[in-house]
Structures are given as C-alpha cells and as structure tokens.
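Labels run A, B, C and D following the written order; every chain starts at residue 1.
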Amino acid sequence: MIIVLKPNLSTKDQSAVLKEIKRLGYQPHVMRGVARTVIGAIGDERTHQSLDVLRAWPQVESVTPIQKRYKLVSREAHPQNSTVRARNVVIGARPFIVMAGPCSVESERQLLDTAHGVKAAGAQILRGGAFKPRTSPYEFQGLGEKGLKLLAKARKETGLPIITELLSEDHAELVAEYADILQIGARNSQNFQLLIAAAKTGKPVLLKRGLSMKIEEWLLAGEYVLSNNNAGLLFCERGIRTFETYTRNTLDLAAIPIIKQESHCPVVIDPSQGAGRADLVASLCKGAVAMGADALLIEVHPNPKAAMSDSAQQLSLEGFAQLMKDLKPFITAAGRD
Amino acid sequence: MIIVLKPNLSTKDQSAVLKEIKRLGYQPHVMRGVARTVIGAIGDERTHQSLDVLRAWPQVESVTPIQKRYKLVSREAHPQNSTVRARNVVIGARPFIVMAGPCSVESERQLLDTAHGVKAAGAQILRGGAFKPRTSPYEFQGLGEKGLKLLAKARKETGLPIITELLSEDHAELVAEYADILQIGARNSQNFQLLIAAAKTGKPVLLKRGLSMKIEEWLLAGEYVLSNNNAGLLFCERGIRTFETYTRNTLDLAAIPIIKQESHCPVVIDPSQGAGRADLVASLCKGAVAMGADALLIEVHPNPKAAMSDSAQQLSLEGFAQLMKDLKPFITAAGRD
Amino acid sequence: MIIVLKPNLSTKDQSAVLKEIKRLGYQPHVMRGVARTVIGAIGDERTHQSLDVLRAWPQVESVTPIQKRYKLVSREAHPQNSTVRARNVVIGARPFIVMAGPCSVESERQLLDTAHGVKAAGAQILRGGAFKPRTSPYEFQGLGEKGLKLLAKARKETGLPIITELLSEDHAELVAEYADILQIGARNSQNFQLLIAAAKTGKPVLLKRGLSMKIEEWLLAGEYVLSNNNAGLLFCERGIRTFETYTRNTLDLAAIPIIKQESHCPVVIDPSQGAGRADLVASLCKGAVAMGADALLIEVHPNPKAAMSDSAQQLSLEGFAQLMKDLKPFITAAGRD
Amino acid sequence: MIIVLKPNLSTKDQSAVLKEIKRLGYQPHVMRGVARTVIGAIGDERTHQSLDVLRAWPQVESVTPIQKRYKLVSREAHPQNSTVRARNVVIGARPFIVMAGPCSVESERQLLDTAHGVKAAGAQILRGGAFKPRTSPYEFQGLGEKGLKLLAKARKETGLPIITELLSEDHAELVAEYADILQIGARNSQNFQLLIAAAKTGKPVLLKRGLSMKIEEWLLAGEYVLSNNNAGLLFCERGIRTFETYTRNTLDLAAIPIIKQESHCPVVIDPSQGAGRADLVASLCKGAVAMGADALLIEVHPNPKAAMSDSAQQLSLEGFAQLMKDLKPFITAAGRD
C-alpha cells in the first residue's frame, strides 16, 4: 500500500500514522518528497487487514493498493490456461466452441427444432433459459422446471451438453441436476450468495460480467467460485452499460485479451446481449474470434419474429448456419479448430 | 406502441406487419409520412403481449413504447404520497427522518455506543449491517445472526427501529424476525427472487438503486415489491457509476424530484455510499434535504479510523451531531419538521 | 511518482529502471515487498518531465502520480476564496448571484422582455447566446454579431452585465468587446486554443464542465486560463453524460464541495442544461444553493413554447419569478444574501 | 414526430396542440389509446422547424423524432461505399490501409526512422502530431510548424502521404498546406467551427469520435464536413469513456458495423488511443480487421521508452512489423488485400 500524507503535518501526527501501520502488521518506509510525504507499507495485503482504514484518518490524503486483490483466478497463481469440461466438450483448449439456442425455452417443438438446427450447423453446446430474470414482473418469467426437463430431453436427442441460467439460491440443486453448465446472469454477477451456491453444486459456472462491473470486480466475483472449491469457471463478456443508445449495451471486446492476461480461465463472448440487435451479431462474432475468445454464446430461435423474449437479438436457424460458415476463416486465422 | 417501417416496403410486406399487430390484440393506425410509414398500435401494453417482438421483423426499423411499464409504483395509480411505517416512525410524512449507524455491526460496544450517540443527536432509526456483501471473498462478511441480535438489543435499549440488509433469500425469515425495515443493496437491486422474498415477509423494503440502473428499471424493480402485496416500499438513491473517479459514485440527486413525480413512494438518500468520502457527506445531506428527500441513511461509527468496512465514508459521533445541527435550517426551509 | 515493478525481475532490469529515474531528475527509493518491488521517485512532478514514460518499459507494472497536476487553480496555491467581478457584480462573495436569460437571443423584443423580467425578479446578470453550437448543421446557429448588439442594448436598458458564449477563436475579440463574461461551452471545454484566446481577452471566463470530463481534467482546463494571466475564472457544472436517459444529463452536484475543496475559484451551477427539463430546474436550484454554489445560470424565455432552441428546459418569466421567491429561505439557510 | 399527450386533457388543450403542429407545417394524425392520446405529425423533419418545441408545452408528455437527422452522411443518401483518396492511397476500397507513426513528431531522426520503419513493414500512410492538444498546459504541446516541415520531409523521402492533427481554426490553412489528411481529435469532435474550417480546406478529414459522443452525434458532426462541400470524410473510432479503468478508454468496435450500416463513409480504428496500452493493440487490431474496418491508425515510435507523449501506448518498430505479419491472415479472411 502507498499512503500519501497531507502537507504540513506535525511530527506527532505523522508518528501516529506510522504506529497504526505497524500495528496492522505492515512495515512502513517513509519518503519525504517536495510537496508530500509518502509512506510505502510493506506486507501481504491479501492476508493482513487492509490499510484502507487509513483513508478515514485526517492526516491521510490517499491510500493506493499495490497488490492485486484476486488470487486463485490470477494467471500468477496458475500460469497455464485452464480448461472447463461439460460432458465431452472442453472449453479453453484448441477447438473453438459455440453455445447456441433460444433466449427462453418456450415449448418442446421450439427447443428441439433449435437443438437439432444448431447441432447441424456445428454448435457443440445448447443454451436455453428456463428461469428468466425480467426487468418487469409482468413479463414472461420462463417455464421453470418444465423448461429444465425439455432441455434434458433435447440433450438426450442431440447429445449436446446444456447451459442454463441459475437465478435463485433455492434452485441451485434443482438446476444443477439438469444443467451441464450453470449460467450466472449479469444482474446477479455480484449476488455473492448465488455464486457460492452455484460453486457448491460442483458444476461449471459461466459468470457474466455485470452491466457496470469493472474487470477487477469481475475477477473478484470469479474468486467467489474458485475459493469455494470449484475450478470450472468461465468468464463471459456480454456488454457493459454506457451512454450509447444505438446498441443495448457496449460489448467490451478488449475484455478478451485483458482476462487472458490477468487470468487463466476461458473467455466466452455473448454478442446477442452485447448488441441487442441480430444484425450486429455476425460482425461481433468475427471480432471475438479474431481477438482470442474461447467460445461464443449465441441466441438462436426457429422463428425470432414470434419469440417470447428478446426477439430482436435472436438469429434464425438459417442466419446461424450462415454465421457458422462465415466464421470459419477467422477461426482458422486465430489458430483454432 | 409506435412502429416505424423501413422505407420502400411492398404492400405485402406492410400488410404482414399490420396482420401481426392485430393478431397480438392491438389496433393499428397507419400514417404515411415523407420518408417513413409509421404505425400507431392502440391497446393496453401492460395487459397484451408486448409488440417488442416486431423488432425482429425485417420490415421494421424501430418499435417505441408509449405507455409506462410500471403500474403500482406510479403516481397515476396512487396520486397521494404514500408513507411507510417502521414501528412508531413514519417515513414520507411531514417529519424529516434520519437513519444512522455503522456500516457493519462489529461488536456490542461499538453498536450500543453508536445507537445511543445517534439517538442523542436526533436520529430516529438505527442502521447497521449484519450480513455484508463484499467485492472480495477475503473481506469481512459481517457477524450474521449475532449481528442481528445485537441490533435487537440496541433497539431495546434505545427504542430506535432498525434497518439492516438482506442479501440471501435463505435469510429472509431470519432477518425479518429482527429488522423493522429490510434493506436491499445496490448489487441486488435486480435480484428479483430476493425482492420477492423480501416483499413476502411483509416488512417494509428499502430498495437501493443499482450502480447502473435507469430510473425506469428501478421503478420496475419496486413493482416486484408492490405486486407481491407489500405496500411498504422506499426508494433509496446511493450513487450511480460514472467515469468520474474523484468520488466512489456519482450521487444523482435529481432522482429525488423524478421519483416524486413518477411515484408516490418515499425517497431516501444515502450520501455515505454516494460519495464514499466522509468530507462530502454534510454537503450532500444539505442538497438532499433541500431537494425534497424524505429521509437520509448515514453511516456513523464511534471510531471511523478503526472501522472494519468502508471506514473512509463513516462519520464520527461528533461529526454526526454537528451535521444534525447544520441540517436544521435546511429542513425548515424545505417545510419539514 | 510510485513505480511498481513486475515480479521476478533480474537485478540488471531493475537497475535500468533506477538509472532512468535518476536521469529524469528524480531520486528513487526502493521498497521490496512480499509480491512486488515498489519504487518511490522523489522530485517535483510539475517541473520535471513526467515519469509516465516508464509505463512503456517492460519491467514496469504501473506508474502512479502522487502530486496533483494543477497549480494555479488549486486551493494550496491560493487558500482564500477568489472572487470574479463583472462590472458591479461580484461572484464568489457573500451575495448569491443569479444569471438568467434566454438560451438564444432571438429578437430585440424577446431579449428586452426577458432582461426586464429577470431583473425585476432579482437576477443580477443577463445571459443569452449569440453564437450557438448545435449538434446538427441544419439547426439555428444564433444571430451572431446582431445578437451581441442586442445584448449590449439590453445591458444599457437594465444595467445588468452580460454573459454570452464564445465558440470560435476568430470571434474572441468581437465577443469580448460586448460581453462582461465569456462562456466556454461543454463541447469546447477541452478546446485549449479557445481557452487561451478567451483568457487573453482579459474578460472573466466561465468554464463549463465537459460531458465526460473528470474533475481533474476540468481543473487542468481552468489552468489554461489562469496560466494565461487571467485570474477571472468561474467553474460551471452543467451535467455529465451517463447511462440515464430520463434526464438529458446527470447534474453532478457533488462537484460543488469538491471544487470548493480543491480550488479557490467560484462555482456556478447550470440546472437548465443539467436536467434538460424545466420541471426539474427548481429542485436542482435548491440543491445547488444548499450545497454551497456561488451562482446559478438559468435559462428563461418569455414564451418557452416558441423558443428557437432548447425550449423544453427554459423557464417562463412567471416560473422564474416564483423560483426566485422559493429560493430565498435556502439562500438564507446557506448563509448567503 | 410522435407526440404523446398527458392523460385527461380537455378538448381545448388538445386542440391547441393540434393547431400548433399545423402552424409548424406538419399534418397531425390523432390516435386515442387506452391510457394516452398519441399524435403522429407527418412532414419532413429535416426541412421544417423541429417539433421539439412542443416538449415545453404542459399538455405534452413526450416528443419522439422518427426521421434520422443526418442526410449527406447517410447510406440512404449514398447507397454505395464512398472512398477517400490521399495522394495515391485510397481508403475504403478493397485494399486494407494502415496509417502509422509517432504520437508526436519529436525530431527529424525520430520521424525519419519511424517513417522508413513503418513503410518497410507495410504501412501506406504516415501519422504524426505537430500540434498536440494536452490536458495540462505544462505538457509538451508539439513542435508546431517545424513538425509539419519534418512530416513533409518524411513524405518526400518515403512517398507516404501524411495525416496530422488540426486543433485551431487559425492553423487550418497552414496545416492543410502540408497534410494530406487533416485529423480532428476527440476533444474537438464537436468543435463545429474547426470542422467547418477543416472542411473548407478541401483536404480529406478524419473525424475522431468524442469521448462521450453518441453515434448519432458523430454522424451529425460528419454532416458539418459534407455539408461544407467536402466529400472526403473518414470516421475514426478511438474509444469512449466508461467506468472501466483498466484501459484508458473502451474501444467500441461495434461502431464499425453500425457506421457501415448507417453511412457510406470509410471507418478507421485507432487501437492505440482506444486501449492506452501497447500490450492490447495487436488484439484490438485483429478485431477491427475482422469486423470490417477500412483502415487502422497506429502509434509507433522507434523508442517508446523515451517518447515525449503517450509512451505507454506506442509500439516499437519491431512490434509494429510483427503486428503487420500477424494481421495478414485476418485481412485475407475479411476479404481485403
């Protein structure tokens, strides 16, 4: 930690700060500069109590942490890329992975048509929401357990592992019984109790970035999964909230190289939520592939014009099949299969 | 809903859109303009399925809702101000209310000292966190039920009703057993399952605005409380996330007149989270009072320099007593007691 | 400056960094911590070349400045509040100042009616735009010099000093010939050539905060005025751009106590631009007064329903007169006249 | 325009609105809905005065424009892609273009080394700043005309056309005398007088997106160039300002397909400013190529560790040469040469 003192302090006031730093288990190094006195406090910031408390001292102008606060998700802790397995599919290895399916599971017909369609086009994992978080209580909230059963049926028919959202601690066991990957949505990205509940099921967890989540907070939320003895963590960028209104969110593709640099966990991109518009999905997918993403999470519906949620951002089966073809040269250029 | 069609559509393509609008239960009015054809779709957007689905149609350029999506929280539904009662304290009536106490309950001594101190200075409600949501799993997570028991003891000694945060559906009954008001934190502001669980306890719910929550989304989150048969809803502005780094968050004080205009529910301001700096709290409190807030939620600690969380933003007991004095002329100017 | 080195560097790599720090005129203090080596570089960051260049070194993880980059605008440089005089009106002293008038000067009738009206209601300075920056080239761009002449006429009739916007270096002399205060708009807040041109006229400069300007950048933009030998600087907060769409901008009222803390210059609040809605102006004005602003800048039009720009945010003369009455108790409570 | 009326208006109040709509040259279509009355106003919003003025009417709840406000930059106005020529280099055609060079021109040696280096690696245009906009008045402001002369010399030696920033109306002729493309920086993106001055030189204009500029505002700023009889417009995305602090800005790569959809003008990506970190530049370039950008603008310095501005984001010559190699498969995959 670096502590900057206010100017013109008495010796007594300075000593009090130094004493407190020592009391908290750090060793202070004092540097007297032209305009300010600066104290470097040496000690492990992750095992000692934080010196943040010094911000409340009238003598102190600022407190700046030096160490990164995340451990288990960090690349320093695990220099090799880690991989996450969902049944026979491995994410984070050389093969590029595509997860596709409807925003919401609506009916057996809709889901099976989609599952067969996306499999035929080359997707390796089936997505579909059974429990849906909705901005308004008057919107369709998903089919619940019935939706989970339909997902299981689709998996049986197609062999595709399934990913679906968990949005209540109370459903953790139920959802984990059916799903191969648990998805934590953007609105729950700092619902730490839900993260712990998800981690404890032992199933892989795909953690979406919150709408206003800094990279560091996202990594720390991931730390809640890894520190609860679950190594199957995927980071999924799905757009952050900015002032721009042309798109629903601003997809922060720079998150791909950043997470790859800071962490060992695989990175997934969700272009459907990121743009909120089907007409931008193909372009965003190409960018994601080129920039080193490990997987895509794409919304596909056999009839987007009749979808019960987020219709504007879902691709048709034909649109998805075309996209998979168009992505091929970029997947090759990126050195993936 | 207003549907704008793309230019140069065939009659057949236009007819298909009109047919779908009728099928969904709306009556279309066509207006042919210079550059675009616009359709006004008449029907109750809150009871029929949304026409949002038309966004996925290739014929459609944009879909704009006309009606507001919130009902029960809206002032149209309830023209008079509503009030919320916590034991003998009423929020939203003429008396101005101050809720004060430590960020986290740390010990009996700390809590009782604070409770007596804030009561003496004029606070009417005691705040204190027993379950704490923390960005990192390695930070202090609160005393849990032991903290709740200390809060109950402080209430018994001082007579102050208590407000404390609920952060897990599984704790809803437990926390409601002790608390007079349940606080939903910013990170859980769209954790709809938690909102429903809180509403169902029957206790008043203070709903903090999320870090990147639009006013409309906040009102709709409040709708989850009211539509679950709980009329005791308080909206609490605590700062939104912007690009500015001088303060932890940007306190959006305009939310006060906006919520008052759109809704009948009382408005509470949390200047401690809003600024993240104790030195700005007094000024923000004055602004909040002048702009028509019904209550303040202020972090106070008998020794901020030793607080276990958010030390930089907690006032000392002396600082709080001074603030209460300084606020008086503004409370009077605002026509409150 | 604090330089954090990457882990596991060779002695040679560390020495190279130390050597460069010395070459740039700083004295390095090395602190070896548990996970990182940290170097404190002592020297005046405002007179030596910045050590920012070290960010490009592969050995370096981060570079953090300690000193503030602004000098002349800082309160350290000038502990007393400074005041700015426009003819007989002083801003920043005990009397609270209100500047009011139309968004754009449209005609002699419109301007004189407004000038007399706002004077009668208690305003001390007349505002009005002659040169208007407009998002689209097809919108009304102002009356230009004709507008300046009308402003001069209104000043002659009412005795009110005038403030008007400067938006081109080429107009600096012309506008300064007429205006008592030059306004720099939000879009030009980092148009440094314009700031220099404005400063050189010797007239006071009101510097609006840019839509995405950090406090530090705003203070540094002000430094361009003071360092060009013009002491008449006013900071004007007028709302920043955020994700919220209910208001046009988010008025950051916390800027008042922050600028007061960091700088000696007077602070003006523009609630009309801040909200973009006349119905929020009164509430924002009350907040601004309570939080310690020195002046308000308010848009008033004799007939807002027919205004040629920003009609939605202009008050009528009656609305303005009522506001001036309603503000009185808050001005008194804030200890101003 | 769509005008939504407030509920429960008298017939007289409604008629007044209808009368005003007609007076302004539009034909009103009234639709009476369940909760609101909606008026569609038919007429060309780009030639008639805007109905925005109705926002100030007490009878009106909202006013929503239907037409897009930009004309000349829109793809509707010019369905084919337009191209921009700088001497023998054409931007916007099949060949992918790379503009590279130092942030600031510092010396003849530095510039010529860079120019030869980037040419050898495959760049087609040389960039370099002679006039530099700097946040603080105490930072290096560029070599001015001397820098322009060095750029001309580098062009003579290498044959590379040059792009350099214009930041003052007063320099427009001077800079245009030397430069092949005029760059308008992010801070001046809504300095409309500068845009007009640049357009009038007849040289192509590269318009960077402002830090908090919406796509629509960016297109309208471009309209200032095209409507001043200059068809040589390039849009350059360089990152927007968000809450994220890991990168200096958030590069909004979705701007590529959006601008391509809305406009006919070429799109350039500046990954150096976008990230503010050299280690992310390569990844962002790959994304930009894959997503359909026409050109890149990259900061390269023969010795980034000694650069006088923005050292952290400049590539070395070796780094740039490697990048050019790594981009090749992506350029091919994108169907460019």
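Just so it is clear, contacts are C-beta pairs under 8 Å (C-beta built on N, C-alpha and C of every residue); 3 or more make two chains touch, one makes a residue touch a chain.
Predicted model, so just to flag it, every value in this text is computed and none were measured.
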| item | value |
| --- | --- |
| Taking each chain's C-alpha mean as its centre, the one farthest from chain A | C |
| Between the pairs A-C and A-D, the one where more C-beta pairs touch | A-D |
| Chain A-chain B separation of Cα centroids, rounded to whole Å | 25 |
| Interchain centroid distance [CA atoms averaged], chain A/chain C, Å | 38 |
| Whole-Å gap between the CA centroids of chain A and chain D | 31 |
| Residue list for chain C, restricted to those that touch at least two other chains | 212, 241-243, 245 |
| Chain B - residues contacting chain C, complex | 212, 214-216, 240, 242-247, 250-254, 256-258, 261, 274-275, 279-280, 283-284, 286-292, 329-330, 332-334 |
| List of chain A residues in touch with chain B within their complex | 20, 46, 50, 52-57, 69-71, 133-139, 167-170, 187-188, 190-194, 210-212, 217, 220-221, 223-224, 227, 241, 278, 304-307, 311-312, 314 |
| In the complex, chain B residues that touch chain D | 2, 4, 7, 29, 31-36, 38, 40, 42-44, 64, 66-67, 76, 241-243, 245 |
